[in-house]
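Chain nomenclature is as follows: A, B, C and D, assigned in order of appearance, with residue numbering initiated at 1 for each chain independently.
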Amino acid sequence: MFFPTPDLTTLLGPLELKNPVITASGTFGYGLEYEPLVNLKALGAIVVKGLSLKPISGNPPPRIVETACGMLNAIGLANIGLEAFLKDKLPRLREIDTRVIANIYGHHIEEYGELAKALKGVEGVHALEVNVSCPNVERGGMAFGIDPVIAARVTETVVRNTDKPVIVKLSPNVTDITLVAKAVEGAGADIISLINTITGMAVDIESRTPKLGNIFGGLSGPAIKPVALRMVYQVARAVKIPLIGMGGIMDYRDALEFLIVGAQAVEIGTANFVKPGASQSVVEGLSKYCVDHGVKRIGEIVGSLK
Amino acid sequence: MIKKGDDKAMIDGDAEILFNHQVNHDTWLLGLKRSEPAVTMKPGQFVMIRVRSGMDPLLRRPFSVCAVEKDHFKVLYRRVGKGTEIMTQAKPGENFQVLGPLGEGFVLPEEERLPVLVGGGIGVAPLFFLARLLYRRNLEFMMGFRSAGDIIPFDELRLPNHRWSVSTDDGTAGHAGFVTDLLLLYLDKNRGLPLSLFACGPRPMLKKTAETAITYGIPCQVSLESAMACGFGVCQGCAVKTAPQESSAYHYVCRNGPVFPAEAIDWEAL
Amino acid sequence: MFFPTPDLTTLLGPLELKNPVITASGTFGYGLEYEPLVNLKALGAIVVKGLSLKPISGNPPPRIVETACGMLNAIGLANIGLEAFLKDKLPRLREIDTRVIANIYGHHIEEYGELAKALKGVEGVHALEVNVSCPNVERGGMAFGIDPVIAARVTETVVRNTDKPVIVKLSPNVTDITLVAKAVEGAGADIISLINTITGMAVDIESRTPKLGNIFGGLSGPAIKPVALRMVYQVARAVKIPLIGMGGIMDYRDALEFLIVGAQAVEIGTANFVKPGASQSVVEGLSKYCVDHGVKRIGEIVGSLK
Amino acid sequence: MIKKGDDKAMIDGDAEILFNHQVNHDTWLLGLKRSEPAVTMKPGQFVMIRVRSGMDPLLRRPFSVCAVEKDHFKVLYRRVGKGTEIMTQAKPGENFQVLGPLGEGFVLPEEERLPVLVGGGIGVAPLFFLARLLYRRNLEFMMGFRSAGDIIPFDELRLPNHRWSVSTDDGTAGHAGFVTDLLLLYLDKNRGLPLSLFACGPRPMLKKTAETAITYGIPCQVSLESAMACGFGVCQGCAVKTAPQESSAYHYVCRNGPVFPAEAIDWEAL
């Protein structure tokens, strides 16, 4: 039997990607760092490191520690700030034939609005991914994204101030993620991405100190995949807007699990450190799986769980 | 001063293990095949090695380049945990996935300054490479180990005929005490001589060396270690606090370093 | 320097153990199965498989699947029922010089009360561990333990009906575990144990079916250790009653991390499958660590995080 | 009928690898040292092997005992996933942690019944052990493989001089078709002969065999597989649905089996 090259085109509401493979925020720098290792235009999209209005220098070290099949990071959302991104990174990113998604976060709800406004009309930024897992300064450092009401307010604020598709990225550190998902859907989010890292910690038994300068960090990598997959499955049944799934995806087989439970696209995070070519390999692996299984459009797989 | 690693030469791929033999009770010398390392790898640079496929251990491990030959390079490593334990079991003919060369290496010393290399423990590894590169010049190489049994049999590494001296913490070989004692003795004896310091080793040793260099007004480059996830400036995990006069609060060991001028680092915070 | 054998005696409120190492419910059967492999009297305590009033046959297979550094189980709380336990298992367990803890669960709040009542005065059962992570039939299958109010009611019911120390075992699938911890403390729990498994799932990409008959399962093993440790740290700062920490403990080093962040004792779960002698090795490892570090009483380590 | 494995003989410990060689494109024969296995291991029993220390893969893997000698036993295994892939790389002199023997093995056939062994693919492994034990008796051994290249070179296993026949799904060797075809042909030719069936292999093959045996009224024991965490009745992970007449809803493969009478299992649910 003959199959033409499978159609990997992915429609995420208003956002069209050439394939469903996206690199996750914080694990792919500003994209350009991977140029020597990955054919960037083979990717569906690149999500850049979380941007704040002003540059942020981040948490005191140590900032990362390896755990069983995972890692904890407490980077503290260090980034060069929106201005430097627009001036130093975006012009070069624009030359690459792929979608660029700006991941944004604020310390107050207004800051989200200001970021959205500042990115309004900016050419070469194809969507916003709103990180609501960061600490809310007004609420004593609790994450915005654990309260459906606040998550909805952040979403509204961004939607009101942008002309771009809005992806809201959910935190897994909640009792019922579908409540937050429905809230941000109701507030106008075009797309939901999940999951961000799960809060964890590690201790050095010789010094009896936390292994991270910040005590707590976010767990990512293969260890969290079962939890991520469960949450994507739950959210896919709770909302109508498209989903981007992530959490521990190391290869195309992991990516397929997320598509099968209902994600239209996936993000590759920690795998970019372990195997810098991981994102491109996932694209190739998905394509081959489609050919081998007689799948003509990748969309046929989405939500195909029996 | 923020430097930025040159990624032009960075490649990721399988490297064949040419040899992997034990040189003392806890140290191994590993030879990895790669075409033209002598051209692309500089002393002080490092590579990220995936010690086995599979997901535990998950992250690659950083190792300094210890020597380069035409078609391969060497890594001198100490068995300290599960990653390095697994490495000791690798056999010639097998492969490691290797990313590199990475980071900013040592800036070579000016002609008029005598290079003084100060290494502690496995920290001697990148200094061996530097010493080989400076084989035409006079230099002073000081190494500190915990005990006689920990001394790296560096003759095997075909070092040029440099002056070297050894200290051991327990006095079982060479000078009894720290390698920084050797340094202080040397500085006292050679006041006025224009020197250039190069140091790699445990943090307390680096701190002492850096503070000494700053006090004596001697240019000093230190090679730092830090936990790393990516190795090329992406994850921002390898931050070290910078000295107050620096323009940013943190440097990234993998990309702005691992080699830094002593003045760039906040030694109090380290 | 000379150190006498360190004192591993552990006081958990009203419950005294010869050492802080306990085997976790569902991973050590009814204890007796391990007799050929473990010196049972070397253990601080044995928690038996979760008991219900009537025998439960459990979920349709497949019931377990391996994940990265972890496993998912959907056993469905299969057990022989309280009566058979008292008749067939307890008499033999009584002969072993260790503490026996009955893990209990119900489908309604009243069932917890009945279980407690039925175990009242029963010799050889030294404490009750109340599993509130199981589905609450009256609430559409939501776990009792995710709602502080319901968790408190379960606790109250058990406390009212028993003469034994009550351990309440918390679910990690919540936004803020300290709220549940405080609620059960307020309701009279003597001890808190945590964490139970984290809900996850896995998919077979060839058949496009869930790998578990029950779709969802509970994630355990090393993968969850960072999350478990974080929650123990949080709860230790929120309540005054003693804690038993668990989640991914494979060796004495892992156990020490839990003690350092504030658990008075630990439970060993999945490790019992991987290394059947794990629980005994942890006791030996802790003892050696104390000797090597000049620790005279294991209690010195508890909460010693700097 | 609920059986309960005899744990008296169960031990956990390091077993030295005596040999580990490939017998066909995806199958290996492993020899593990253990004193007196011939006394304590019965055909149909299995062991749980930890394929390497470290936490990925986490769980042990179950394997049938394929043969026993005085001081060692053999495991015949097929490389199907990451655990078995790692096993292929183990070298003689290294150790595996091995727990066993586990489970209830085959009940030996009555003297007046001719044993008929039906194995599919790697499912032949426990039947080899059974055949060796029955070396004094006549028996009929049928094996099915996908293709000629998948046939286990069972001569190497020093089987007694039994009658055996082979089928391949693709007809590249022996009978073209399933091993259950061979069985049906045999049953048709030997009506009235008192037989005793022993089967191990993929679930569809077992189902067909069991249903055939039930139809023909022939006693039949099947060896089942299931994902396992503990291997000795603790985790309750290895449940299989029982036939309606059984007293409990599930049997546990590791402890009540892996060998079951065909009538004990709910073949519809499998």
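Assume a residue touches a chain if its C-beta (ideal position, glycine included) is under 8 Å from a C-beta of that chain, and two chains touch if they have at least 3 such contacts.
Just so it is clear, the structure is predicted and the values come from calculations on it, not from any experiment.
Peer 1: So using the touch definition from the top, which pair is joined by more C-beta contacts, A-B or B-C?
Peer 2: Looking at contacts between chains, A-B has the larger number.
Peer 1: Per the centroid of Cα atoms for each chain, what is the distance between subunit C and subunit D, given in Å?
Peer 2: 36
Peer 1: Mind checking the centre-to-centre distance between subunit B and subunit C? Centres are C-alpha means, answer in whole Å.
Peer 2: Those two chain centres are 46 Å apart.
Peer 1: Approximately how many whole Å separate the CA-defined centres of subunit B and subunit D?
Peer 2: Computed value for the inter-centroid distance: 54 Å.
Peer 1: For subunit B, give me the residues that contact two or more of the other chains.
Peer 2: Each of 55-56 in subunit B touches at least two other chains.
Peer 1: Note the residues in subunit C that touch 2 or more other chains, in rising order.
Peer 2: 68-70, 221-222
Peer 1: Chains as vertices, touching pairs as edges: which of line, ring, star, complete or other describes this one?
Peer 2: Basically all the chains touch each other, so complete.
Peer 1: In the complex of these two chains, what residues of subunit A are touching subunit D?
Peer 2: 68-69
Peer 1: Show me the residue ranges of subunit A that touch subunit B in the complex, using the header's touch definition.
Peer 2: Within the complex, subunit A contacts subunit B at residues 26-29, 33-37, 49, 57-66, 68-71, 73, 75, 78, 221-222, 250, 270, 272-277.
Peer 1: Which of the residues in subunit D end up touching subunit C in this complex?
Peer 2: 7-8, 10-12, 50, 55-60, 97, 99, 226-230, 232-241, 248-250, 269
Peer 1: Would you pull the subunit A residues touching subunit C in the complex into a rising list?
Peer 2: 67-70, 72, 146, 173-176, 198-203, 205, 207-210, 215-217, 219, 221-227, 229-230, 233, 248, 253, 256-257, 260-261, 289, 301, 304-306
Peer 1: Given the complex with subunit A, which residues does subunit D contribute to the contact?
Peer 2: Touch list, subunit D to subunit A: 55-56.
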